[in-house]
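Note sheet for the following structure.
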Amino acid sequence: MQNIKESNFSEITMQAIFFLSALISVLAVLAICLFLFMRGIPAIAEIGAIDFIFNEKWGPTNTPASYGILSMIVGSIYVTAGAIVIGVPIGLLCAIFLVEFCPSSVYKIVKPAVNLLAGIPSIIYGFFGMEAIVPFVRENMGGNGYSIMSASIILGIMILPTVISISESSIRAVPESYAEGSYGLGATKEETVFKVVVPAAKSGILTSIILGIGRAIGETMAVVMVAGNSVMPLDKIKILKPIRTLTTNIVTEMSYASGLHESALISTGVVLFVFIIILNASLSSIKSKAQRN
Amino acid sequence: MDRTLDNLKQRKIKSQIFKSFVWFCGILTVGILVYILLFILLKGVPKINMEFLFGEYNSETLSAFSSIITTVQMIVLSLLISVPIGVFCAIYLAEYSKRGNKPVKVIRLAIDTLAGIPSIVYGLFGMIFFVNILGFRASVLSGVCTISIMILPVIISSSEEAIKSVPDTYREGSLGLGATRLRTVFRIVLPTAMPGILAGIILAIGRIVGETAALIFTSGTNVLKYPSLDLFASQRTLAIHMYMLASEGLPHSRDMAFATGAILILVVFFINYSTTKLAGRIGRMQND
Amino acid sequence: MTDKIKIENVELYYGEFQALKNINMNIKENEITAFIGPSGCGKSTLLKSLNRMNDLIEGVKITGRMLLDDVDIYKDMDAAVLRRRVGMVFQKPNPFPMSIYENVAYGPKTHGIKNKSKLDEIVEKSLRSAAMWDEVKDRLKKSALGLSGGQQQRLCIARAFSVNPEVILLDEPTSALDPISTMKIEDLLVEIKKDYTIIIVTHNMQQATRISDKTAFFLHGKIIEFDETERLFSMPKNKKTEEYITGRFG
């Protein structure tokens, strides 16, 4: 009898501990939201929300100081868009390759290569970008190399594993019967893959793109080493010219910022954070829409 | 459809073009990887010498020794915090929670959110909360605390998946013999799920090793002459060491940045290799 | 009536396993031929060889000749062209996850028809041939996956019509359907046979007697008997045939 009582007690205690451990994640998210907003929102209020978001002038050390992050928002959008333009077509075609055209001997090489790409730290990508991509852009395209173009190339490479893995699973999950129906009508393999199988996987492919966007827009180190980090007035933004993004804004100035300047940088982080939340929310709604179908 | 035969030629050409694009992208992806690896390894490995690995830090050696020790310290301590919490959380989700009830949905949402937060935002949070509010200052301790939260989703997902793939027949066998839920979990389920949990831990190690943005403002960029285990000192990790060297712009720093990069890549190789090995072991176990 | 399809000394191997042994038969034009036999006897395998769908399976080896209008379908014909001329309806309905219109337009589009009004015409004609037009004409843009099982299968038949085939192969097309849909499809086949050559694999002997002109009985990869349907079922020549149709096995 005593054993049962003892084991009941430890059973219940451990269950509570398991539950509390699970709650820690919730606690962590709440803490992150709380403290970020606590430091970030007052600064936005002081600068003025409209002014903060829509002013293209960022000059915390000027007199009078200006704290507009519009140029950085546009910068983040441009390099992310560039990353998508470069990374998604290559990634999607590579995923199609892995599922439909790749012999198993080649798969054993390409699939681990994709996994390895996923594990490479951002600093390596950034350094590679600085030492290889920047000179390449400088010599073959113009400008001094530190540019939106270089950032887009590096980010495009970085999102490849995300796009490839998730698109690969989605394409594999398409029922064989669709392809059979297409072959039965006299379509070639390529026609079948391109017109029936891949479109059937579009919700998974879209998910991979959105996750790629999340990755690209949150990337700091790789971008800071190739993008030049000058704050560009909107009318001067060009693909071969330098740019500063929301992320690089923070890392470039934080070490010497204080007071309102420091808080404004934290607010930049808050804007980034909110954007990621919105991205995740749209992802969930796409997933649940796909499930309902 | 009598034009079928001319049209067929056109279709065959289009099909061949598509096929070549597809093959091209497959090969391109591998090519990009190989290029990046060779680029760094070929310039970096020759620069690695004993002084760089084990010497004291000064402007000549630019030694990575203290950064390496700091990185190891960071890994060990963060895992000590996150693995128990993460595995317990996974146990809760896989073994004790009921499908789709309110708390579970909230917890999963929280985990997904944590997984999506960019490292720089973690860095900012760490700076605000651990460095400033809790007063840990820029230190290894602040870094450890920040990293622990960051790797939590990784540990939780892989552990949960590992626990879920333990066949129910094992659990039924244990419970059928009169063992409690708890005993079943600790004696039967967890040991069986160990390879998967280990794979998650190794993945987390990979993330810690490569992390920079979350640590720049928490554990800082400072480098001590000799390696130190002082938790309250600000010390840089290996990845940050590389970043600092790369940003200095001097030829010697640049060389040693390559060297640091080479070390990082070799570590990533090793981690990748171990996860693949473990995944193979898990696969074989499940087929028994 | 001419021989639309000639099968000469065909043997088929899945790796080591021989699924078809010494198959010889001629299929006449504008008739419905039924393949019957117990599971695993080779009837579906032979069917899928007629439009080279077996090419998609690894490790399949075929010897012998199969001729469509006296042209060797393996040596002298491109598979894509063959499959336009020899259409197939599968056991489980498999409409594409697209609109009803797009499902039927897929075939003609693939084979080069781009003109919108021509496509509209073909879609309507195909759906009418499958006795479906009135049912779906007001929801052509809706997803095909929203149709019932029977409707989906008739859509697949309409889809098969869309490329103007000469032969239609059906692999147990009604086995997953309710009796009313089954009846609709059987009536359809009887009505269209004057314009097509139809081969149907079926587990349902009553179905074979209802609609087919000729029946082939398969066992262990061989054709045991091939005759006019009426004769095969009333006076089977082979003992095994008699045992099968009287239900003693299979």
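Letters A, B and C mark the chains as written, and numbering starts fresh at 1 in each.
Here is the rule we use: a residue touches a chain if its C-beta (ideal position, glycine included) is under 8 Å from a C-beta of that chain, and two chains touch if they have at least 3 such contacts.
Worth saying up front: this structure is predicted, and the values here are computed from it rather than measured.
Taking each chain's centre as the mean of its CA atoms, C is the chain most distant from chain A. Nearest to the global CA centroid, when each chain is reduced to the mean of its CA atoms, is chain A.
When C-beta pairs in contact are tallied for every pair of chains, the largest tally goes to A-B. With centres defined as mean CA coordinates, chain C is found 49 Å away from chain A. Centroid to centroid, with C-alpha atoms defining each point, chain A and chain B lie 16 Å apart.
Centre-to-centre spacing of chain B and chain C amounts to 54 Å, using the average Cα coordinate of each chain. Residues of chain A in contact with two or more other chains: 188, 191. Touching of two or more other chains is recorded for residues 11 of chain B. Among the residues of chain C, those in touch with two or more other chains are 80-81, 84, 110-111, 163. Every residue of chain A that touches chain C in the complex is listed here, in rising order: 175, 177-178, 180-188, 191, 195-196, 199-200. Partner chain B is touched in their complex by these residues of chain C: 78, 80-81, 84, 108, 110-113, 163-164.
The part of chain C that touches chain A in the complex is made up of residues 51, 53, 56, 79-84, 87-88, 90, 92, 94-98, 106-107, 110-111, 156, 159-160, 162-163.
Chain B makes touch with chain C in their complex at residues 1, 3-5, 7-8, 10-11.
Chain B makes touch with chain A in their complex at residues 11-12, 14-16, 18-19, 21-26, 28-30, 32-37, 39-40, 84-86, 88-89, 91-93, 95-97, 103, 106-107, 110-114, 116-122, 124-125, 127-129, 133, 149, 152-153, 156, 180-183, 206, 209-213, 216-217, 239, 242-243, 246-247, 257-258, 261, 264-265, 268-269, 271-272, 276.
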